[in-house]
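Following this line, the structures themselves.
Look at the two complexes coming up: subunit A is in both, with subunit B in one and subunit C in the other.
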Partner chain A sequence: MSALFEIRELSKYFKLGTRREEGGRNPLLLKAVDSVSFDVLAGECLGIVGESGSGKSTLGRLLLNMISPTSGQVLYDGQEISALKPESAAMKKLRGDMQMVFQNPRSSFNPKIPIVRSLHQVARLYGLSEEAAEARIRELFALTGLGQDILTHRNDELSGGQLQRLAIVRALIPGPRFLMADEAVSALDVSVRAQILELFRDMQQRLGLTVFFVSHDLSVVEYLCDRILVLYLGKILESAPADELFARPLHPYTRSLLAARPRAYPEEVREEAPLAGEIPGAVDLPPGCRFSSRCPEMVPGLCDFVEPADTEVSPGHKVACHLLRHCDKIEAGGAPEQKGCEECGASVGKEKVEI
Partner chain B sequence: MNRRERMRSFFTVPVLLSVAFLLAVLLVSVFAEQLAPHDPDTLDPASVLAAPSAEHPLGTDPSGRDLLSRLIFGARSTMLSAFLVVLISAAAGIPLGMLAGYRRGILDKVLMRLCDAVLSFPSLLLAFVLVAAFGRGIGNVVLSLGILYVPMLAKLTRSLVLVESGKLYVEAAHATGFGGAHILLREILPNIFSTLLIQLMLDVGYAILDLSAMNFIGLGVQPPTADWGAMLQSARIHVKNAPLVALSPGILIVLTVVAFNILGDGISAYLDPAQRKLPSIKRFKKALLRRDPDADPGSKVLPRTRKAGEEAAHE
Partner chain C sequence: MSDRIPVAPLLSVQGLEVNIQSPKGAVYAVRGADFEIRRGEICGLVGESGCGKTITAKSVMRLNPEDRVVYGGRITYEGTDLLALPEAGMCKVRGQQIAMIFQDPLSALDPLQRVGKQVAEVYRLRGLGRREAAEKAVEMLADVGISPAAERARAYPFEMSGGQLQRVMIAMALAAGAELLIADEPTTALDVTVQAQILALIRELREKRGTSVLIITHDFGVVAETCDRVMVMYAGRIVETGTAAEIFHAARHPYTRDLIASIPQKGVKPVAIPGAPPDLREVIRGCAYAPRCCRVQERCMHETPEAADGAACFFPEVRP
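After this line comes the complex of A and B, so read on.
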């Protein structure tokens, strides 16, 4: 598969003000996304998980060039779209290719405009005639399982599930190749959530869409996605094909996220304690590995000093963790032992002296 | 909240009275020629400050002109210039505020500091300065007041646009691929329009007050043109022997301003009925019924609690 999006060393810092420090005033930066690189392959569903504050939504908006990055590039089809101004005419032309579905369907529609009209406005924006718009909306309604009678209702008479379907219809009117879903099922009831997820999968397969699915819910991305990125404080800690990630989570953060999932049989003994504490602010990042302040397996002197580089443990499975550096077991493709790897811990300890 | 409930909360007694009064003033000023019994500018030295009579229903002013006719033509002058003031300020203030709020950046900063500069002076004082620069006359007064009303409106519009810009539907429109013009005019404007309308209603009231002040001082309309503010000025020394002549334009000014304020309140009650409760027609009727002891003898005992209970049952 070829890459639809290539993301190269992408960073987005928000300037919050300036801070007086020794050596003058330094800008106070919130590093929402910090030097992230990955590809979005054509036709795949890429999931991105992380706690709130991890920079998921910012990353999504950078991809669509709704905001300009501080540094780095976003290449769409080989074209560097991050160099275009978000409001520029050239970018507007590309927007039809890449559409977005939001978390809260109700507030993503203008409360003062009937939904029929806003759907028609989108169609007109993309050069469809009145009849063509009518036909396209009818076709998409059939595709998304919406009844035609829904358009006779006022916006506030529609349910969250109906509105989210309508939001998907709106995103599909221009005929996009790429769909970004920003927590698109998080605000929905559990029963409706399943339907909408099913719809996403269906759309992806039928229309050959590439989907970028932002979520904090591991079960949702497990169900839907081919590949998953785990984001923490603006950095990708682990990326792997979905089944691989769930079968063999290697980063301590991924493992704690999986351990924190609700289970069908809660009486089963948890292998790993869910993570304690809150995600630290993205202004004063912990030194070294940014997960070191909460990591149950943190090696003092190493993890809190040196930022780990990505290690590709198997094809497509990258982990940014010191603990995996010299582990033979993992390089041989085996599963890590439960509390990390004893041998690794030892070799890490030795490495610390060298640094 | 459905439309009918909204309508009910709009049509309250004070709002209806205000609407009726304003409609009357509006009609009178449109059909002034047909309604006025006399020419408003014809002098009649024989009957100066005459008492009300069949010939002159409200008497005559210090120059012997028919008071009723002058009030009728004064309504036209007052309403027309007040609407023009608001129109000028809206035509400049709303687009500027929208641009500043949506584009932000340097444009926003420059515009807002300019507005602050204008707002830091007492508005009437600044109006004097502007009129002194442009020259006397009602046209220049209207223009000056129109300019002075721009900053407040621009600031209000900007803050409304700022709030709306942060909402998800605006981001959704951006993500869909709509441009700034569409987002401002077709997405944001419908959402801030009603609040702006309320402000414009209030502004008409303020404009009438300010215009009357300018005309009272003599900077605006020039004699013999009839205008409520100017009439107040010319008759003020006769308030003891001809109170009607001196007070009637003032009373009309007050009533019109109050009516515009209540109308503004009514519109905002229509938009957010939970916030304000002016007595509705229904409650008014109920209150009348309750005052009749035969209709409801029990009401004398516990009128308050009873009323509360009934209200709750109905609402």
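After this line comes the complex of A and C, so read on.
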């Protein structure tokens, strides 16, 4: 698979103000996304997970060039779109290619006009004639299993599930190649969530869409996505194919996230203690690993001083953690608790590594 | 829990009906709900949005706008019929006996008061002196896992995270001395990691203080984490009641089974429930779930099933 998006050392800092320090005033920066690199492959569903405040949504917005990065590049089909102004004509031309579905479908439709007009507005924006728009909407309604009768309704007369379907239809009107879903099922009921997830999967397969799925819900991502990035305070701590990540989570943060997942059944036994504390703000990041302040396996003197680099533990599975970095010989396969390096004795998991 | 000697339930709801007058016509939000909560028990009330979960909980607290609501049935708390109680009597029940926490704690707290003061106010209402109340408030905040409590007590709500605020809400409920805590979607707005912490705190309350809890949620994960017993609500009625294990592994009502099948789970494809819940402004004939049910038969269309052996269904799944 070729890369649809290439993200190269992308950063987005928000300036919150200035602070008086020795040697003058320095800007107070919130590092929402901090030097992140990855590819989005054509036709894949890429999941982004992390707690609120980890930079998931900012990353999504950067991909669509809705906001300009502080540094780094976003290449779309080889073209550096991050160099274009978000409002520029060249960028607007590309917008039809990349569409978005939001968390709250109710607030993303104009409450004062019937749904049909909301959809036609979008069609007109992308240069479809009245007839073409009508045909397109009819086609998409058939594709998504929506009944024509809801077109005349306004958003307060429709259910959350219906509105989210309509939001997906609206996103598909210009015939995009790329769909970004920002917590697109988080506001929906369980019973409806399954319908919308099914629709995403169906649309992705039938239309060959590339999907960037931002979610805090690991079960949803596990079900839908091919590959997953785990984000924490603006950095990718672990990235892996979905099966691999769930079968063999290596970063302590990923493992904590998995452990925090509510049980599927009342009798399910918890293996790891849930994570203590909460995600700190992305201002004044500590030196070293960003997760060190909460990490149950933090090695003092290492993790809180040196920022870990990515280690590729198996093809496509990258982890940014000193416990792995320490020894390059940790092989692929096996549960992290049992698998360690035989030569140096380093193990991933419970035991601390001697430095 | 089932082998205990049967005692009178702490809270008993019988044939509760709630009819809300709205400009668009009357909404029959609750249509004959029956359930009970025993002492020291964590109960879950689950169902889709709009099924009447929150209205039921607010009816127990009598927090619905009383000029636009007509109640039917009985809500008995330790022998007192709450629906018959005058407002002054209800004020004694609220907080001191039954407390409620909400999905969005930020909007439930006073934005202009330090959180410590808001907790202390509860103690003041119980007759404690200013200084003693403040000390007790800090102690309580420490008890619910806020640290450093003395320092954080001086914070304003906007300075705290959602998880911390939910802890403050729980502290206020405990400060009032409530024996029954109603938690309406307490973790829906929180991160998974923080959700796990709050649910652990709720379990701890029950262990240490014997507080009974009613958790209202649409998330079966929350149920699996905390609940002893579960009530499943659909279109204003309780359609199934059972222990958590029964609901997860041997549910009898088709709705419960369908809901559980719709949860995305490892290696299992979630099955969506076709259709949508009924409009609660309309009269429902027969079983409310009949139009979406896979086991529907002629009888379901015109007769309303009463609860029998846990499930209100004419053709429930037979337990092995």
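By definition in this document, the second predicted complex is superposed on the first by the 326 of 355 C-alpha atoms of A that agree within 3 Å, B and C clash if a C-alpha of one lies under 4 Å from a C-alpha of the other, contacts with A are read in each partner's own complex, and residues count from 1 in each chain.
As a convention for this text, a contact is a pair of C-beta atoms (placed from the backbone, for glycine too) under 8 Å apart; a residue touches a chain by one contact, two chains touch by 3 or more.
Bear in mind the structure is a predicted one, so any value in this text is a computation, not a measurement.
Peer 1: Please tell me, clash or fit, for subunit B and subunit C sharing subunit A in the overlay.
Peer 2: fit
Peer 1: After the superposition on chain A, what is the angle at the C-alpha centre of subunit A formed with the C-alpha centres of subunit B and subunit C, rounded to the nearest 10 degrees?
Peer 2: 70
Peer 1: Quick one: subunit B or subunit C, who's touching more of subunit A?
Peer 2: C
Peer 1: Name the contact category of A:125: first (subunit B only), second (subunit C only), both, or neither.
Peer 2: It touches subunit B, and subunit C stays clear.
Peer 1: With the two structures laid over each other on chain A, which partner does A:305 touch: subunit B (first), subunit C (second), both, or neither?
Peer 2: neither
Peer 1: Pick one for A:194: touches subunit B only (first), subunit C only (second), both, or neither.
Peer 2: Second partner only, subunit C.
Peer 1: Based on the superposed arrangement, let me know which partner A:51 touches: subunit B (first), subunit C (second), both, or neither?
Peer 2: The second partner, subunit C, only.
Peer 1: For A:14, select first, second, both or neither according to whether it touches subunit B, subunit C, the two together, or no partner.
Peer 2: neither
Peer 1: For the combined overlay, can you note the least CA distance between subunit B and subunit C, rounded to whole Å?
Peer 2: Minimum over all C-alpha pairs of subunit B and subunit C: 5 Å.
Peer 1: State which residues of subunit A lie in both footprints, the one left by subunit B and the one left by subunit C.
Peer 2: Of subunit A, no residue contacts subunit B in one complex and subunit C in the other.
Peer 1: Give every residue of subunit A touching subunit C within the complex, in rising order.
Peer 2: 51-52, 159-162, 189-195, 197-198, 216-220, 222-224, 246, 256-257, 259-268, 274-276, 278-279
Peer 1: Quick one: which bits of subunit B touch subunit A in the complex? Just the residue numbers, please.
Peer 2: 167-169, 171-180, 182, 186-187, 190-191
Peer 1: Spell out the part of subunit A that touches subunit B in their complex, as residue ranges.
Peer 2: Against subunit B, the touching part of subunit A is residues 64, 66, 86-87, 92, 95-96, 99-100, 102, 104, 107-113, 121-122, 125-126, 167, 170-171, 174.
Peer 1: Which subunit C residues qualify as touching subunit A in the complex?
Peer 2: Residues 48-49, 161, 163-164, 191-197, 199-200, 218-225, 227, 244-245, 248-249, 258-259, 262-266, 270-273, 276.
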